Amino acid sequence: MSSNVITIPGIQIEAMPWVDEFHQWLTTVDHKRLGILYILSALLFLVIGGIEAIIIRIQLIHSHNNFVSPEVFNRMFTMHGTTMIFFVAMPILFGFANYLVPLMIGARDMAFPRLNAFSFWLSFFGALLLYFSFLGGSGLYGAGNAPDAGWWAYAPLGARAFSPGHSFDYWTLSLLVSGFGSMGTGINIIATVLCMRCPGMKLSRMPLFAWLNLVMAGMVLLVISPLTAAQIMLLIDRYLGGHFFDTQAGGSAVLWMHFFWIFGHPEVYVLVIPAFAFLSEIIPVFSRKPIFGYPVMVAATVSIGFVSMSVWAHHMFTVGMNSYANSFFAITTMAVGVPTGIKIFNWIGTMWGGRIQFKVAMLFCIAFLFQFLIAGLTGIMQAAVPFDWQLSLSYFVVAHFHYVIVGGILFALFGAFYYWYPKMTGRMLSERLGKWHFWLFFIGFHLTFDVMHIPGLLGMPRRIYTYEPGRGWDTLNLIVSIGAFIQAIAILIFVANLIISYFKGAPAGNDPWDAWTLEWSVSSPPPAYNFATIPTVASRRPLWDQKHPEDPDSRYE
Amino acid sequence: MSGATVSFHNTAVPWQLPSRGKVAMASLIFAESAIFTIFVVAYLFYVGKSLTGPTPREVLEVPIFFTVCLLSSSLTIHLASKFLARGKQSGFLALWLLTIVLGGLFLYGTGQEWHRLIYEHGLTISTNLFGTTYYSLVGLHAFHVTAGLVMLLMVAIFGIAGRVGVSQSERIEVLSMYWHFVDAVWVVVFTVVYVLGR
Amino acid sequence: MRTKSSASRFLVQTILLLFWSATGVWASAPGDPTPNATNIFAPASTPAKSIAHLSVFVLVITGIIFAIVFALIVYCLVKFRERTTDAGREPAQVYGSTQIELAWTIIPILIVVVLFLASARVIHAIQDAPEPPGALEVTVIGHQYWWEFRYPKLGIVTANELHIPVNEPGHPTPTFLQLLSADTDHSFWVPEIEGKTDLVPNHPNRMWMDPQRTGIFLGQCAQYCGIQHAKMLLRVSVDGPEDFAAWVHAQQQPAVEDATAAAGRRVFERNACMNCHTITGTAANGRFGPDLTHLMSRATIAAGAAQNTRDNLRLWVKDPSAIKHGSLMPAMQLSDADLDAVVSYMETLR
């Protein structure tokens, strides 16, 4: 089968001098290159954020430890959270979306390639701005350096009175800037999916990956805006003497919380829905069956998108809302678990009756299923409001959300790496190194985050730079920290795999996994123009139809 | 076998997808609406909660004339867009410039009002909760009007140079979507600030 | 709760005990003299008990869900793994099943309804509980990084260590706390007595507790409030009726006047200490820092950051950041003689 690439016989293509190659990457508007730039910069910040986590874990390895000062510790947890959410998770998911959505819908690029590049560089610049605070944050002697008010920056801690200097302004500005980049990407994905599909690809024939990223993009627009608005208000408070969150002038600290969490909660769905998208592509291929219940999966995702906009105050159960408000948010939070659970069941339904291949990508997806199940259940526990009056603001919550983000999203991301790296580079990642990566990370993850629930149940609050001996937290924290080191080693193995396989991996060919969506119909890596001729499709699995002309999907859909 | 997939049997139905520009502008409007909603919520939440200082009732004067200017600029831009679609470039240009004038008048009116509030009544963004929320909300809107005027001006320059014709009609429509949005936001801001909030 | 059968109550208590022992195993390190653990499964007061019972219920249900889905996944992985005999053949391509989708939509909805009703009942029971006449009222004011406790009806002001009466069956004396903040957000959390409630400036909150056993209960601030958030500890002493009355009586007295400490008292008055601290019966009436009238009645200083000993007191007054770096109390730059004098004075403030 040809690789849908235009070849001109007899032409020699010489390798470019590195300067020109570098310039091309810097000025690219190609969605595939921008996707890779997003992914690479996210990996860089993953390592940096990981180092911040290791510093936190070393400091907490036993009570009354002195590894770092309270100031440094507080900066570490603020930077770790901010970095991981805004400069690792969001960019890497945008990167995969950018790379894959046009290929999956048979388009040559995103709807607005220059906006795409602009969005990436805004995001990257925002990250640089945040990290510049380490150098430039000292606006007032002794009062600056990296921001240290937590990644939610609750008012009035963010007011000038309590956060003098400029460290906090770096936090605000970096998120404002990268927020505009995120909105640009959201607009781009929506316009691409709605306006650039190849002939025959009705919305009901799009790969779930495209659907879920469409929902995610819509949520980005709705959700980053409240954060942007709140940050503008914060800047007005800090620099123009405004009183939005100034409790001395009658302002409300709770209003900041509402605005922040109206962003903050749907944000985690913005992060997890692309992870669901990965699973919805990878699990069918390694079960050798189509996704079970495609229409239900779409409906469930859209309803998650809507319902998740109504649950935000479950982060505020201890703030003193009245019992009716608390009950309302309890029921909406529990309700959003229903479509989420439906998705888990549908993935199991996909594997059921299939022929499951335990490639490394699939191992990560299977681990996701177990871990996301647990994460969802600890979420339901916290939705039982009175239980949350104990669990909130403790290490139980920290364990829960790391279970979602690391045990869920990051595992799904690793699966996506092993699955699509061949497409992006033309080489297979080493399955051997992959298995080492998987098992080490799995063990480290569970050691850290399973055990981490217990100090929460024993009364350990979060964001404390040290803790008292005799509360029963010492041994537990030691185990948690050991798990963190194991995960760090696993990440190093992963990075080594990425690099080594780039040079020495087995050639991948177009379609190493015998998959069914359009990106596997072109060469690995795809040519700059993606498709020599824009394809026309008749079902959800165009390549299945091609490989099984006697039994095409188009007959059954 | 070529890389193309099973061809679509029914080629009679043309494959029509929405316009990229309109979808993108609609998405932008969606996002901007969310930002404005948050500022409106803050405004409404803080109505009556200022601890000191001038109240809306004491100092606000309803800007009827300038509101009429802004809202009729929606009409003029709509007509301008229609004229262009029919190829009537001079009609388009006249109405387009009128839109800019009306928008400019609105901004002038806002500036005049702020001048009066600051110098006659001593109301600034830092005076009290009313001051903070008022200047932020009205200011955010005025900022969007300004951005819109800049874009309208760009088009006017190209229009005067004779470069805006029927083939730019689609883009003009996209831009006028933005302008209609700015006007719609003013309806909301006006209601919240001058009707509900007083 | 009242209509629960004794069998189900027994079951709940057993499971609670299991959780407590499972987590409580970690709670006491060898050779450690801590009065009590901070274990949410060892509740000592009605709200904490309602929470613990609800928690067990929720844990059991989620545990069952976990077990079922876990088993399903494991079964699926084992039964449907690819075997070498399969090579090349694709399994039946099943697209979905409306009946199954309905089943696994409706059942979770029912579970959600049950969990919600159970939670709503406890939410209302705790949050909307009326305050009985004769309840003890305490106003808690959160500061960066210490707790102010005022008993308005008893005329008592103290800091960091809360004394409340125990509740004997048939003789309820609950304590109702009003929660305020002088600066940033804080959160009052003593796990064995109550779920936490935040102290938010300009947003007064209310919580109540009725501990049913005497003893010292520990907790700490749970809402990040700044650099020394970790050292804003709580110490709640639940006293029997006689002990509580004695404590109240002692706290209501003005400061002890000890002539031998007159020199130290002069140092205190001359060095701006009185601008931040109150000592009733003297000219010192500052409210920025803790009330020191009965400083020596407290076991710890600096909100639990150090034991209340002469050496620690001396170090604290000399340079607070040596004990609690970032604390808002400045080092007063006292000479050694003045330091010794003022500490001797403070030691008389029983």
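Lettered A, B and C in written order, each chain numbered from 1.
Assume a contact is a pair of C-beta atoms (placed from the backbone, for glycine too) under 8 Å apart; a residue touches a chain by one contact, two chains touch by 3 or more.
What you see is a predicted model, and the numbers here were worked out from it, not measured in a lab.
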item	value
Innermost chain by mean C-alpha position	A
Pair sharing more residue contacts (C-beta pairs) when A-B is set against A-C	A-C
Distance between the centres, which are taken as Cα means, of subunit C and subunit B, whole angstrom	51
Distance from subunit B to subunit A - Cα centre to Cα centre, in angstrom	34
Separation of subunit A from subunit C, taking each centre as the mean of its C-alpha atoms, in whole Å	34
Shared interface positions of subunit B, touching two or more other chains	none
Per-residue multi-chain contacts in subunit A, two or more chains	250-252
Contact set on subunit B toward subunit A in their complex	1-9, 15, 17-20, 23-24, 27-28, 30-32, 34-35, 38-39, 42, 45-46, 49-51, 124-126, 128-129, 132-133, 136, 140
Complex interface listing, subunit C residues touching subunit A	19, 23-24, 26-29, 32-34, 37-41, 47-48, 50-51, 54-55, 58-59, 62, 65-66, 69-70, 72-73, 76-77, 80-83, 86, 89-97, 100-101, 104-105, 108-109, 112, 115-116, 118-120, 122-124, 126-128, 179, 183-185, 187, 189, 191, 194-198, 200-203, 205-206, 218-230, 233, 304, 325-326
Footprint of subunit C on subunit A - complex, ascending	69-71, 74, 148-150, 154, 156-157, 162, 247-248, 250-254, 287-290, 292-296, 318-320, 322-323, 326-327, 330-331, 334-335, 337-338, 341-342, 344-346, 348-349, 351-358, 366, 369-370, 373-374, 377-378, 380-381, 383-394, 454, 457-476, 548, 551, 553, 556-557
Of subunit A, residues touching subunit B in the complex	1-5, 111-112, 183, 186-188, 190-191, 194-197, 199-200, 218, 221-226, 228-230, 232-233, 236-237, 240-244, 249-252, 255, 259, 262, 518, 521-522, 531-533, 535-539, 542-543, 545-546, 549, 552, 554
